[in-house]
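Structures for review follow.
Across the two complexes that follow, chain A remains constant while its partner is chain B and subsequently chain C.
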Partner chain A sequence: MTKDEVQGATEEEQAQSKKGLKKQQKEAEKAAKKAEKQSKLAADQQGSEEDDFAKDRYGVPPMIQSQQKLDRVLVRVEDLSPEKADQLIWLRARVHTSRAKGKQCFLVLRQQQFNVQALVAVGDRASKQMVKFAANITKESIVDVEASVRKVEQKIESCTQQDVELHIERIFVISQSEARLPLQLEDAVRPDGEGEEEGRATVNQDTKLDNRVIDLRTTTSQAIFRVQSGVCKLFRDTLTNKGFVEIQTPKIISAASEGGANVFTVSYFKTSAYLAQSPQLYKQMCICADFDKVFCVGPVFRAEDSNTHRHLTEFVGLDIEMAFSYHYHEVIDSITDTMVQIFKGLRDNFQTEILTVNKQYPSEPFKFLEPTLRLEYTEALAMLHQAGVEMGDEEDLSTPNEKLLGRLVKEKYDTDFYVLDKYPLAVRPFYTMPDPNNAKYSNSYDMFMRGEEILSGAQRVHDAQLLTERAMHHQIDLEKIKSYIDSFRYGAPPHGGGGIGLERVCMLYLGLHNIRQTSMFPRDPKRLTP
Partner chain B sequence: MSMYQNGEVDPAVKALEARQDEILRKLYDLKAAVDGLAKTVTTPDADLDLTVSSSLSSQSPSSTTFTGVTNLDTLLGKDLGALRDIVINANPAQPPLTLMVLHSVLCQRYRVLSTVHVHSSVSNVPPQLLSCLGPRHADSYARQMFQLGVTLIWKDVPKLQMKFSVQNMCPIEGEANVARFLFKLLSPYPSDAALATLVDSWVDMAFFQLAEGSAKERAAVLRALNSALGRSPWLAGQEFSLADMACYCCVLQSGPASSTPSNVQRWLKSCENLGHFSPAKPFLQ
Partner chain C sequence: MALRELSSLEKYLGLKKPNKYSTQGDKKVPVLQNNNGPPLVGLGTIASHLVKEAKRPNLLGDSAESRAVVQQWLEYRVTKLDGCTKEDTKAILKDLNLYLQDKVYMAGNQFTLADTFMYFGIHPIIVDLSVQEKEQYVNVARWFDHIQRCPGVRHHLPPLAVLRNRIYTSKHH
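What follows is the complex of A and B.
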């Protein structure tokens, strides 16, 4: 630096250069420390090579390329119970945390949502060097461990396996993790608010989603997606038992199914095509093709540019369509019963997972009635009116009113799940069957969980003539929906159905606040990766 | 009724059918009247005009009981064009017999939509509890067609609970209080303050001493019942009231006493003759 330059420099720059100097100094100190450490480590290692009796009991074996097929049985962490006490077992798990304390090193070994405490202590099985090696294994590395199971006198509160600990006899690193993690798992599972009090870090949603692979390892995520898989299984099982047939429908379609807006256009050779907003058309065609009762689990696309807690651009739709005998309430009964079976199945079989999620995101247990409560739109309006909401008779429910209604229903009936029936015809799509007794209303219904809509359904018009009239009333270009209307010309049974968003059901059942938490790799207007 | 393939009905046949229906209806009325007369013989109010049996509303033309009020608007607040739904949360371990009885009487007076639900807090509710409000109404798909809704929810509650208008009413707790509320939809309490208080005190005695009390307390209440029934045909004088309804249910629920006093026995029989209590029968051991 020349003198002129120094003179010309402002105070600020001086300050900066001072800061820079300090920084440099610090870095130099750091490097020196690092070098010291490394040399020490090297020395230690040299030392260990000299007199380590436990040399074969630890280390980094060659990468597993399927060289040998061992007859070794790897025990699962969740199966570690006092019954296994004093047995010598093998185990593969991640190093969740490690803490070295003089002659011993405590590890928490994690497998999915379960963890157990393990201990390497200097003795006749483990050498000083082995303890050192164990302490230096980076977090999230995968290790193979041979250990004996020991009962503990005091419960280990921080682990899921509270009654036993492992005394490690051998430890091998199968896959080493990089030392620096983009986020700490403990930070990611900390309940909201708790971190702030203790001055600890919390991880925000975007960081979690950017590093989804690591975030998905947290006990909370593990539990959420197990519950989600449960919802899918229960949905399938219940409907299959009711005589439904699972169908697969195309997702690349030639015309938008629910109006022209909100569809993704994709280039399709020389023309363009759309991504399906719902399998609606195909479900109905299957009904016309005598499949009677069908359901479909698959991706659904919405090109809505809404960045809310409950909208995704791609989600998994659980769709139902069924022919009924005389009254569309047969359809409502069938769908609500399916939902109740799902809730019951979750309540009875996924208690561990629900409790795990509740630890991070506390919420009231999900309540429901069997048979499901069904209210009519006019009743809902009367309840809202009593609560002081002014609303027109044929007006659609706004989101705040929807939530308020949910609270009112919860207060009176103590249920988080109910059906709202007989919506005004004006607010429903053209294929909705009008109410025979009152032209203002329709045979349509919504279902709500914790005051948020999860399903929208109706009896569909199965008469080509009436369908044409309704389409014209809605000013829809008849040419564009010709093939749809034509499917009903050759005899179509009366039918109805609805579609549920899997992510929404999971979110609301668990009482979570953001749908991205229940989507494994969420897609929204601002997120296309990972 | 017969159906014709072309959908048309011969007018002559139609007339014949109408006549047949009319005759059948008259026969039913006659049978009901005879049944009613047969009961008056063993029922204290001998002047009862029971043209239609088991209907409280037409029980006695001279008394205002059960016929005094029909206007739900004055009782339950103004009509909002929607179903007025009364929600009752009851524990399946203690089925509320009085409410089942009151419900069936309400059904005779009003168009009542009754539904039974099971809350997620309980499982394995016995099937007879699921059908305790009778079979599903044929018109139950149109909730708006009803004047009154009774929604019974089997739920894990320590005390029976009623919720009606969540905006301006706190939940009502206790079977006795809910019974008083429902009974007022059928008839006003006696206008005489002393008589009204007497009814209230019998209701309290029924629920606190007969249903929940020790053997000693029960015996004391039975003695009190016996002496009161020696003075008048019903507990609160000349007319059947909520006092009789509550005491009847609680006496039967507390099990067959080895020595029921004679007046009480006569009164039990009279109650039985009224025909209101059949809905509670399946739940009495």
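What follows is the complex of A and C.
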């Protein structure tokens, strides 16, 4: 190494160390500032704690482990009305939004689909620190609040309780939410296209479903699933009044009921079993066992790999089966009357929920006729033909044609609900009763809501011999359905029925566009969680 | 295609003797060998010639303005409509729908050659439209249905169903 080089090197070192020194100095300064800030903050806090007269009026109490039975009545948000004005009440709700403004903090407290405006203001009940605390409560946290109800001069447009607001006197956080939410509730209820100019976000379906627990808190979801519960209740009540018996059927079965292609196979000890595609066989066996009129509400499984807006792999089936006297139209009348009772019940008792859903997903009110319109398959084909659709006499309806037919029927008869009768025999399952007047057709029917199928049903073959013939015609292994056929050997009454998809009924009644919106935890070929 | 249109037009015009046509180039542009003159090339040119031969000059327009409009649509047909891609059709239908909003025929209130040739040219597009799309382009559909029902125009093309009622925009409010 030459002298020059050595010198150069040391110079470099020096320069480097100089830089390092500066850096260190800066860091030290920063740390000092930070420490100063922290000590100041601590002092502030200490100081504030000392002179906070309201420190018993807010905070985070210990976790509720059922330590005490408080004699406290929690009022429901939906019950907050001007009649309660000037009363001091307790309430448990979520913090929907909070907005601090100087000495005041506005909160929107939400309980299910209802919300109310609340206010913490510095005064003789609340200190500066309390307002600060209230403003820092994270969104979606659950709080207990003591407040007095006050009438307001001007209606609060953004809340469901528009005539009153709450003046908070105490506020305690019962359960704290994490600060970052996977999705914002306001974004999840925004109608398509609205707020696009302001660049506001909407949440796509998959994000909603991935975070279903939060998405289900939205007013829209709350309303949808209340309507769904209503459909089930109305279905049960109507049929029970008609003398039907509710039955429970096994979902693990030994043989596929409608062809083996679209069933889930499960391992069953040393052999395998299937998940039921419908309670078809069992409800028919109940008819043979003299139950006369039965219905069943339960899960139904379809292993179809179809990723459409209206297919799920598991859904709730509302199934009906009944014995009739002479003509299967008795069954159609019974089912359509049940549907009409459901539509009427929803229209009369769920108006608030329907309007809530309409706010995000606008649709026309659902229309139906009494008695329900019944068209024959050939009439429907004629209508489609007139509209320029080419299709064969014994061809099944494709989805686009089904929808088009729905529009044509709506235009002609002004109804969103109708029955299509007398399907071609070839497109129906083996247990469908052939039409006595024309062997090409059958005593089977579908029901449609807003142009989409919701129910498929038929008169069943109740004669063991004809049933065997039909099964053989469909090339079904007789060995596998032996017990089914045998149940008709000891006297079986003529009967018919049908199965309805609960999610589809809700979706189409509310005019929604995706069945996942009416399934709480949807299952499709691509989704198994949550 | 163009040749069948020309023979349909001959029938419509009531010309007794069918002409013999040849085609030229990759795009099969029709050519009519004229006995007492040079050959006529191109759909619009030959069609105008046939109209004159049949002594129906009003089909080309009865005023300077309408003659210009007819020529303009013949041009449109050959340059825009023929050989348009799937993506173009939406824009074409939208434009036509707007244009036909206040017209019975392409050139206003009288039937002209423009209607015949626009009808021939748009038929393959209309045939693929769903009922809903036909309703979306309701003015095009109305004009199309009217032209296909005009006596003697349709000839080699199958009639298409056009609904007279709107079924997608609800009026039951």
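A few comments on the model shown:
Everything below uses one rule, namely that the second predicted complex is superposed on the first by the 483 of 530 C-alpha atoms of A that agree within 3 Å, B and C clash if a C-alpha of one lies under 4 Å from a C-alpha of the other, contacts with A are read in each partner's own complex, and residues count from 1 in each chain.
We adopt the following convention: a contact is a pair of C-beta atoms (placed from the backbone, for glycine too) under 8 Å apart; a residue touches a chain by one contact, two chains touch by 3 or more.
Given the structure is predicted, the values throughout are model-derived calculations rather than measurements.
Once the two structures are overlaid, the count of chain A residues touched is higher for B than for its counterpart among chain B and chain C. By the touch criterion stated above, A:243 is placed in contact with neither chain B nor chain C.
Once the two complexes are overlaid on the shared chain, A:414 sits against chain B and chain C alike. In the overlay built on the shared chain, the residue A:386 is in contact with chain B and with chain C. In the superposition on chain A, A:368 contacts chain B only, with no contact to chain C.
When the two structures are aligned on the shared chain, A:102 is found in touch with neither chain B nor chain C. When the shared chain is aligned, chain C comes close enough to touch A:400, but chain B does not. Legend: residue contacts after superposition of the two complexes on their common chain; A:343 is shown touching chain B, with no touch to chain C. Taken together, the two structures place residues 367, 386-387, 408, 411, 414 of chain A in contact with chain B in one case and with chain C in the other. The touching residues of chain A, counted against chain C in their complex, run 364, 367, 386-388, 400, 404, 407-408, 410-411, 414. Of all residues in chain C, only 130-132, 160-163, 165-168, 170, 172-173 touch chain A in the complex they form.
The touching residues of chain B, counted against chain A in their complex, run 80-83, 85, 87, 89, 115, 117-121, 141-144, 151, 153, 155, 163, 165-167.
Residues 327, 329, 343-344, 347, 365-371, 373-376, 378-379, 381-383, 385-387, 408, 411-415, 437 of chain A are the ones touching chain B in the complex.
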